[in-house]
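Letters A, B, C and D name the chains as they come in the text, with residue numbers starting at 1 for each one.
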């Protein structure tokens, strides 16, 4: 599904990504671990075109995404959430979820059905006429997730989906992510600090350290990888 | 013969207009509308002018009113605010006519506002008396019911001062103007007039409104070798220029400043000495007035009505007062407030009247052809004295103007 | 002769540019610390000129002695205004734009009030220095400008000393760089902000006196012109960068004056604006600004 | 469809209710628009004083189109008057200097407005106060350029007098038509998906791009539309008063009033600017009659109070206070 090859990104003299390669197969969850400043968010920003990579390649289903503007990458089926949710604060939840359909030819009824379905799934349908800014932080994360999923993406990039979310909402988010590969048919790149959830949800895990891939493998491998232990505990 | 016929027809029309139900002046007075600028660029000049109109209204009413159709009708002035805003002006003139039911109108200050006012008065068929709009273009528009009672067109204003310059033997003229309608028109007029008189225009420099520093413009004028310096700006800029001329030791043998005749300018004191200007209102300018007050009576009326006014009457006041006096004659002659009848009366009176601003003469378009501006000079000791034309001159021009270092 | 004029223009530009930079300096301190776009700055400058005018008229105070009085007066007004207007801005959706709008409203209000109380006539300060000008070869420099320049340099020097050598000054610079961090370090941001607005307006008042000395006539309408000059300067020098205003002022002054010599004053204004727009597009942080300021 | 989603579809009554909300909102706007347009259409039959109604329409059009850019995309163009001035001059110059009939001149004014907006499109890259300052500077530049053009074309600083075109009755009815078009265009924009996209871009441009909205194009649409109407209005006003000059056509107070009127009503809703323009224009009219000298001061104070106390305007504050009703507000 997504193949990132030898990606680098420098800001001025600072090297944020130093040749990262990774691969997410169809309908699989790839966990991305790393300390603050290890380049996780930079990588996500490169994938959906908010940043232009300095070198390397990003391919979605065999075609390169390089040089495409963010909205075109979105149109190819790449969805994204942010650590601090980026909703449309002065629009209602229904309008937030309708935003992905402003291009394309879905009928009004269809847009409504799909929005309503997703608002139900995140258990916020009753707040559909509220402004996004009136919701709690955790609820906003859920709306953002719903807004992403309503467009039926092929690949979703989740940036810290559990950060600042209370445990009961976190559980709902975990269930939703769990369902993504099979039920919603999309691949997931999951960035999180929350080791337990990442180990639980991911088919495969990549650990970034100072802009490079430190380790890669299944949950068990990563858990016992000495480099990872050193980087996490020794630092 | 033809003229008599036409007059008879007009008189008949006037009579008709008068007896028509709901016609003008039904309520035993003549209501005159005009606007004042409470704010904006024209506030000062506009307020000066309105005081002139008020003197006229007061004078007329003290005499029992204007005689129209055998009755004496008092005059009432309805003033509204236009904020120097063109949009506002169109609206307010319409309000004056349709809501306030005025019988005729005085123009606002300035050509732009007057143009806006004129389109409203033309459409609603009212007579408009102009006292300050000097744009030549205003009179080429085919307006039927406008008359410039006292203001001569801007193109003719610089004529007298350049006649004097020529007479004094100057050769090169530097013209500096702020990019505003009136000063720009004056500058263009001065350029044409200078060329007609065989003077060379060595500098024609424009600057935008709001400019504060004139030191380089002044130095450019000096560098151009001009012996006539002819800036056409408003008082504030002229004050700055004079002060900066002194600060930088810049001298011209002949410096003419349009507004140097105003008390606001003269408040700067001796720095303003020797500057030439023009005015139509000055103790030494006394025309043989046959309409309205003469100069002395006018000054007395001004002091009586406006004891608290910060400045004495200026030429705007005089123009507006003169326009009032002429309008009064026109109304009495017409015996009606019907626009067409008034216009005809205004044409009939052309060349017949002299007010304190000077003789009155218009053409078919309502453009003023007379009302000359004598040239004055601010002479030390004597103050402002008339130096040109010789008919009204009371002093010899001091030429060349002494350098700052020789004063 | 043109060469002389050009040289004169250059010198004029340097002197005026430095004096202009005072407008930018106070505007920038206010923007840098408070993120308030003071659109009413020009009106305060004009008010300063009127204050000097009336102090001279009523108390016979010379413009030079009036300066410290006006500084204190305006600083107090600024302190009070901070609590009335500026403090509330923090609550709006977009404080920067809201500040621009509120100050725009204040500018209209002040303009109208000045017109009401002082009327539309141009006034001018009545004073003259002897000798009125100094000659350097063919170059003439009015004494007033040299004196105003000296005062500007002194004020700029004091400001620089204040910003870089005193504790409140350093705190102020720290706020410009990182507001939230300063609050956590235990500096009373509230008090500092009120002080900043006071200092900013105090400088605006003094600038008004200086400008009234070198440009002899002022009227209630001139405020917007100074505000615009101020904005050009701070954008050139870097929004929120106190010393950047100096660079901006010099650049604008020289460009303006040299253009007046080569073309005319209208073109000079045009070039000033074009310069500002070019800088915004190609170097949004200003010629002297650093990225972290935005 | 509902069954395939495993019973998570919207409850039927919620769905039909929400569809009704949408319909009510659109109907309300149509009612408001007709309520504004029809009385104004009838006004000439009732009074000879057209100017009050004419300028009322002028401000409603200006505020409604300003809202398209300020309310729906979040830019605050302090130089908005530039479009108005360009329209006035395009109309004046084409009609007076080049003898084009008025309707043609007005169409060209609209095109000129659109062209200028495209020319200025790069400024949309700027944010917040930078955009505001540049926009203001551009308005000043336009004014300078216009007054520097050859006098036989633009009439120099004296401007142009178009008295021969004087026909306020016709001007008035054309303005009614433009008003109707403006309200319809704003309604179309707000209720269409473009409207959702616009507000999304306003609230968070990055997030809008993430959900597939072409930010640049969306902004441009609103920008061009928001520039075209003031250009036409500038032309209409030139036609109505028959006098244009750089001072009046590029007066910053026009922007000031547009901002105040539409903010007072509430930016971001269709109703706000119409309400704000109507109410404040009326108040302005009264103030001007009662306190001629201090009216500007009141204008300034109203700006400050509006922004500090009701930053979202009448309609916005109402919506905040009554969340249940706001879904019906167009």
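The rule is short, and it goes like this: a residue touches a chain if its C-beta (ideal position, glycine included) is under 8 Å from a C-beta of that chain, and two chains touch if they have at least 3 such contacts.
All figures in this text were calculated on a predicted structure; none of them were measured in a lab.
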Judged by C-alpha centres, the chain sitting nearest the middle of the protein is D
Chain at maximum distance from chain A, centres defined as averaged CA atoms: B
Express in whole angstrom the distance between the two chain centres, defined as the mean CA positions of chain A and chain C. 48
Taking each chain's mean CA coordinate, chain B and chain D are separated, in whole Å, by 39
So what's the Cα centroid distance for chain C and chain D, whole Å? 34
Rounded to the nearest Å, the gap separating the Cα centres of chain A and chain B is 75
Per-residue multi-chain contacts in chain B, two or more chains: 39, 41, 179, 208
In chain C, residues with contacts to at least two other chains: 112, 115, 224, 266, 269
Can you tell me which residues of chain A touch two or more of the remaining chains? none
Under the stated touch criterion, can you name all the chain pairs that qualify? A-D, B-C, B-D, C-D
Along chain A, where are the residues that touch chain D in the complex? 48-50, 69-71, 74-75, 79-80, 82, 86-92, 94-96, 98-104, 112-113, 116-117, 119-121, 125, 128-130, 134, 147-148, 151
Chain C partner, complex, touching residues on chain D are 74, 76, 78, 122, 125-126, 128-130, 132-134, 136-138, 140-141, 144-145, 147-148, 252, 256, 259-260, 263, 293-297, 299-304, 307-308, 311-312
Residues of chain D touching chain A in their complex? 1-2, 5, 8-11, 14-15, 18-19, 21, 193-194, 196-197, 199-200, 202-204, 206-215, 218, 268, 323, 326-327
Complex contacts: residues of chain C adjacent to chain B: 1-2, 4-5, 8-9, 12, 16, 112, 115, 119-122, 124, 126, 128, 132-133, 135, 140, 142-145, 211, 214-219, 221-222, 224-225, 257, 260-261, 264-266, 269
Could you list, by residue number, the parts of chain B that touch chain C in their complex? 39, 41, 43-44, 179, 205-208, 210-213, 215-217, 219-220, 223, 234-237, 239-240, 243-244, 246-249, 264, 268-269, 310-311, 404
